[in-house]
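The two complexes that follow have chain A in common; it is paired with chain B in the first and with chain C in the second.
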Partner chain A sequence: MGPIIISGLVSGSLYALVAAGLSLVWGALGVFNFAHGALLMMGAYIAWTVASSSALGAGIAAGVVASVVFMAIAGVVLYFLLVRPWIGKPGAELSVIMTTIAGGIFIENLFLTIYGGRLKVLDQIVVGTIHVAGTAIQYQDLLAILLAPALLGGLALLLTHNKTGLAVRAVAQNPDAARLVGISVERIYIVTFAVSAVLAGVSGVMLGGLFNLIPSMGADPLLRAFIVVVFGGLGSLTGTIVGAYVVGMIEAFSSFYIGIYWTPVVLFVVLIVILTVRPTGLMGQAT
Partner chain B sequence: MRFQVDNLVAGYGRIEVVHGVSIEAPEGGRIGLFGPNGHGKTTLLRAISGLIDRRSGAIRLGDLDLTNASSARMVEEGVIHVPQGSALFPRMTVLEALTLGAYAGRAWSQRRRSLDKVLTIFPRLAERRSQRCSTLSGGERQMAAIGAGLMGCPRLLMLDEPTLGLAPHIRGELAQAIQAIAETGVSLLTVDQDIEMLFVLCQRLYLIEQGRVTLEVADRSEVRHQEVLKRYFGSAA
Partner chain C sequence: MTRPSLQILALAAVIAAALVAPRVFAGGVAQNLAILSLLYAVVASNWDLTLGYSGIFNFAHVAFFGVAAYVSAIATIKLGVPVWWDLLLGVAVVAALSGLTAILALRQRGIYVALVTFALTQLCVALVNSQKDITGGPVGLVGLPDLAIGGYAFGGHPEAYFYTAEALLILSTLFLRWLATSDFGLSLIALRDFEDYAVSRGVPAVRQRVLAIVASSVFTSLAGGVYAHYLIVAAPDVFSFSLTTLLLSMVLVGGAASIYGPVIAAVVLTVGSEQLAALGVVRYMIIAVLIVLTLRFLPGGVSSLWRSGWALRWRGGADAPSMTYVETGAEAEKAP
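== the complex of A and B ==
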């Protein structure tokens, strides 16, 4: 039982990190960023480039810092290139799906061209194993389990107690009213994209420490994160986080007791049942 | 500080709704706009506050030229628009929404003092402070919206139909609160269907029809009052 719960918690934490970025952008801008998976991959590769002894060799700590800084900038650039030209125009949701899918494919292939398709190994941020109640846990797994709640808890605090955080929620809930209290909606969009991209990058670094790096590594987490956001309820960050852990746990238990090949089936059956009963997701609210 | 709108033209997309409206309020003055629905009163307010583009004309507050000011700049300068039937921020608490009212410029550093003021004017908001905005009644919502406007330290407060759809006793309560706000020296621009209220509150009224000012009432003598009512209801009936 122990290892299953640990595995569920690790996946849940990673899904929560990836999906939170997606959810934040959906909440504030009302668009889905399908380049989020490519951003995740980018974060992992930037960390690898700075950290790995076969590249710059500056160590994993420097790699993480570089990745965070780079991702904040990348998020803003992505916003201006792929999202901003369509915001406020009719059909923005659909246009942005197209532009971000295209952007994601472009980024993925750009990295494939630069780095090649061979697997790369990113150093784990922490190395070693700890035994808790008879269950062996890798430090990297433990880090994921602790980091996600810490980061997302911090994010939740910012959203409720920080001036800019309050403004992000204001823009998400009523853009016109937000403008009328003097919030520059454009500035909030930029901040939101930067934060979302940093979350993607951090998820990439964590994933990179657990698995290997390939340019297509973002595709599966993106799909999972998309499911999590819909499942948790569009526009609810709490719903997204709860949804991530529920999905992680379902996967872990189903992989063990039912089998890995049936897990997607189990997952989708649960999702379909829940969305039938609650079409707005676990914590979504009809608007 | 005198507020002046000169020959303002605005609309949505290709459709022009406001065709050159000029209005003005002296410092601490109270003006009212009335007229049939769908004739551009709200659009005028949205153009003044910068929610939609102004095509031509001028907006001045004292010596400041705000003709091309963004919505954020308008709020910073104290021109604050409380929109019609505002749901404010449905999933935020009343306290959070009021705090956000003080988002812009110098208002932020004074938010605690402003909050005390708002809760004195609207004691019901103090009772509801930890409730979500979406759970408020219509009257309370309006109070929260006006309260958020006051949190921004307004020099000119623009109220769009503050008493729309409210029960008479709440309407009276709001009218009193608006009167109290006016007495603090804030200039007021009020749009409302309740002409009786506007007559009590305002020194000058503008009738807006078809996106134009078709009548300006500067003194409130009874004769003109009758004339306005006749004209207003005469054209509607």
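== the complex of A and C ==
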């Protein structure tokens, strides 16, 4: 039972990090970033490039810092190229789905061209194993379990207490009124995209330490994040986090008791049940 | 010349071209490309019915194509269903599946429809990969029997597949044109452009949209079945992200809500992407850039160019179909 719960918690933490970025952007800008999975992959590869002894070899700590800085910039670039030209135009929602799908394809194939399709191994941030109540836990797993609540808790605090955080919520609720009281909506959009991209990059670095790096590594987490946000309700940070842990647990338990091959079917059924019983998600508001 | 006689003339010209084309592209790479682009044209133009005319973010469309390919493969290889009947079985299964998907997805609005249909497609891939005994897993199911009429097997005569694909595209296009200009099609456009008003005038929103998705699945699944027979294999790449992107680029570059635009873009992009095959994955990067540039500078796609000219000359530009996606209620209600 212990290992299953740990596995569920680790998946849930990672899904929460990935889905929170999506949810944040949706809340503030009303668009959905389909390139989020590619950003995740990008974060992992940048960390690998700086950290790995077969590349720059500066160590994993430098890799993480480089990844965070790079992702913040990447998020802003992505915003200007793929989102900003369509904001406020009719059909922005659909257009941005298309542009970010195209952007994701571009980034993924760019990295495939640069790095090749072979698996890369990213050093774990912390190495070793700890025993808790008779269950062996890798430090990296433990880090994921602790990091997600810390980061997302910090994010929640920023959104409720920090001036910029409050401005993000103001823009999410009513961009016009926010502009009237002197908030630079454009700046908030940029900050939101940067934060979202950093969250994606951090999830990529964590995932890279647990599995391996391939250019298509973002696809699976993105799909899980979709299910999470449908489950939790887009735009609600609490709903997203709860949804992430529920999906992580469902996955862990069904892999163990029903078999790993049936896990997609179980998720499928869960998705259908949610849609039938509560189409707006756990905490989502009716649209 | 009046418009109906012009249309009959155009149809006659298309049929004449369809009879001649297989003799011009009589073998090898050109023939293969022609057959693939015709089948992709069917899929892309049917996607236009939901994406363009109805404004539904249905990303399960490629799954309809893929599932039909697998139904044909499983029916003929595992169950011994005679050829042609497996195509009909594919249509029936996919129609049921698309109806179910639509009913589930359309409980939600806007972006949620995209997420749910996207997730359903990905879960199809996961299912196909995991259920090896039925689907052949990642390798796919190889060895579909050839389509045949009497004793005339298509395998020895690839031009027969050419004619089949052409017939499929012509019938599909006639069907789509008829649907788009019918009362049903108009109600879809009305729902897309001004949902609240359409509903208040008695258009049942969910029913029309579910019907639109089911209607878009019919020729898509036929194309999927023929595709599997032609390639002799149903493999998981029918659900792949790169095929989705290619088809999406056909709809967008060709021009949403135009039917003919995606058909022409399908031919151009299939041939173009094959010419760039030597570049490897770089061609997907080129297609991605093409999509973004089209959305940025020519949101109506290439067909909006000729349509604006056409509308001016023939109809004074008065009743050219609307190309703007007016936001559906989701966005309108979000703003206070």
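Here are some notes:
Definition applied: the second predicted complex is superposed on the first by the 286 of 287 C-alpha atoms of A that agree within 3 Å, B and C clash if a C-alpha of one lies under 4 Å from a C-alpha of the other, contacts with A are read in each partner's own complex, and residues count from 1 in each chain.
Heads up, the rule we're going with is that a residue touches a chain if its C-beta (ideal position, glycine included) is under 8 Å from a C-beta of that chain, and two chains touch if they have at least 3 such contacts.
Computed from a predicted model, the values in this text were never measured in an experiment.
Once the two complexes are overlaid through chain A, chain B and chain C fit side by side, free of any clash as defined at the top of the document. Of the two partner chains, chain C is the only one that A:Glu93 touches; chain B does not reach it. Applying the stated contact rule after C-alpha superposition, one finds that A:Pro264 touches chain C and leaves chain B untouched.
After overlaying the two complexes on the shared chain, residue contacts for A:Ile101 are found with chain C alone; chain B is out of touch.
Contact with neither chain B nor chain C is seen for A:Ala150 once the two complexes are overlaid on the shared chain. Within the superposed three-chain model, A:Asn174 lies in touch with chain B and with chain C [touch as defined at top]. Once chain A of one complex is fitted onto chain A of the other, the partner contacts of A:Ile183 are limited to chain B, with no touch recorded for chain C. Judged by the touch definition given at the top, the superposed model places A:Lys163 against chain B, while chain C stays out of reach. In the superposed model, chain B and chain C sit 90 degrees apart as seen from the Cα centre of chain A, a figure rounded to the nearest 10. In the superposition on chain A, contact of A:Ala219 is made with chain C only, not with chain B.
Comparing chain C and chain B on the residues of chain A they touch gives the larger count to C.
Here chain B and chain C sit at a least CA-CA distance of 7 Å once the structures share a frame through chain A. In the three-chain superposition model, chain A touches both chain B and chain C at residues 173-174. Residues 49-51, 70-72, 74-76, 80-83, 86-92, 96, 99-105, 108, 148, 151-152 of chain B are the ones that touch chain A when the two sit in their complex.
In the complex of the two chains, the chain A residues touching chain C come out as 26, 30, 32, 81-82, 85-86, 90-91, 93-95, 97-99, 101-103, 105-106, 109-110, 112-113, 173-174, 219, 223, 226-227, 229-230, 234, 260-262, 264-265, 267-268, 271-272, 275-276, 279-280, 287. Per the touch definition, chain C reaches chain A in the complex via residues 55, 57, 104-105, 107-112, 114-116, 118-120, 122-123, 126-127, 130-131, 241-242, 245, 248, 252, 280-282, 284-285, 287-289, 291-292, 295-296, 299, 324-327, 330-331, 333-336.
Residues 160, 163, 166-167, 169-170, 173-174, 176-184, 285 of chain A are the ones that touch chain B when the two sit in their complex.
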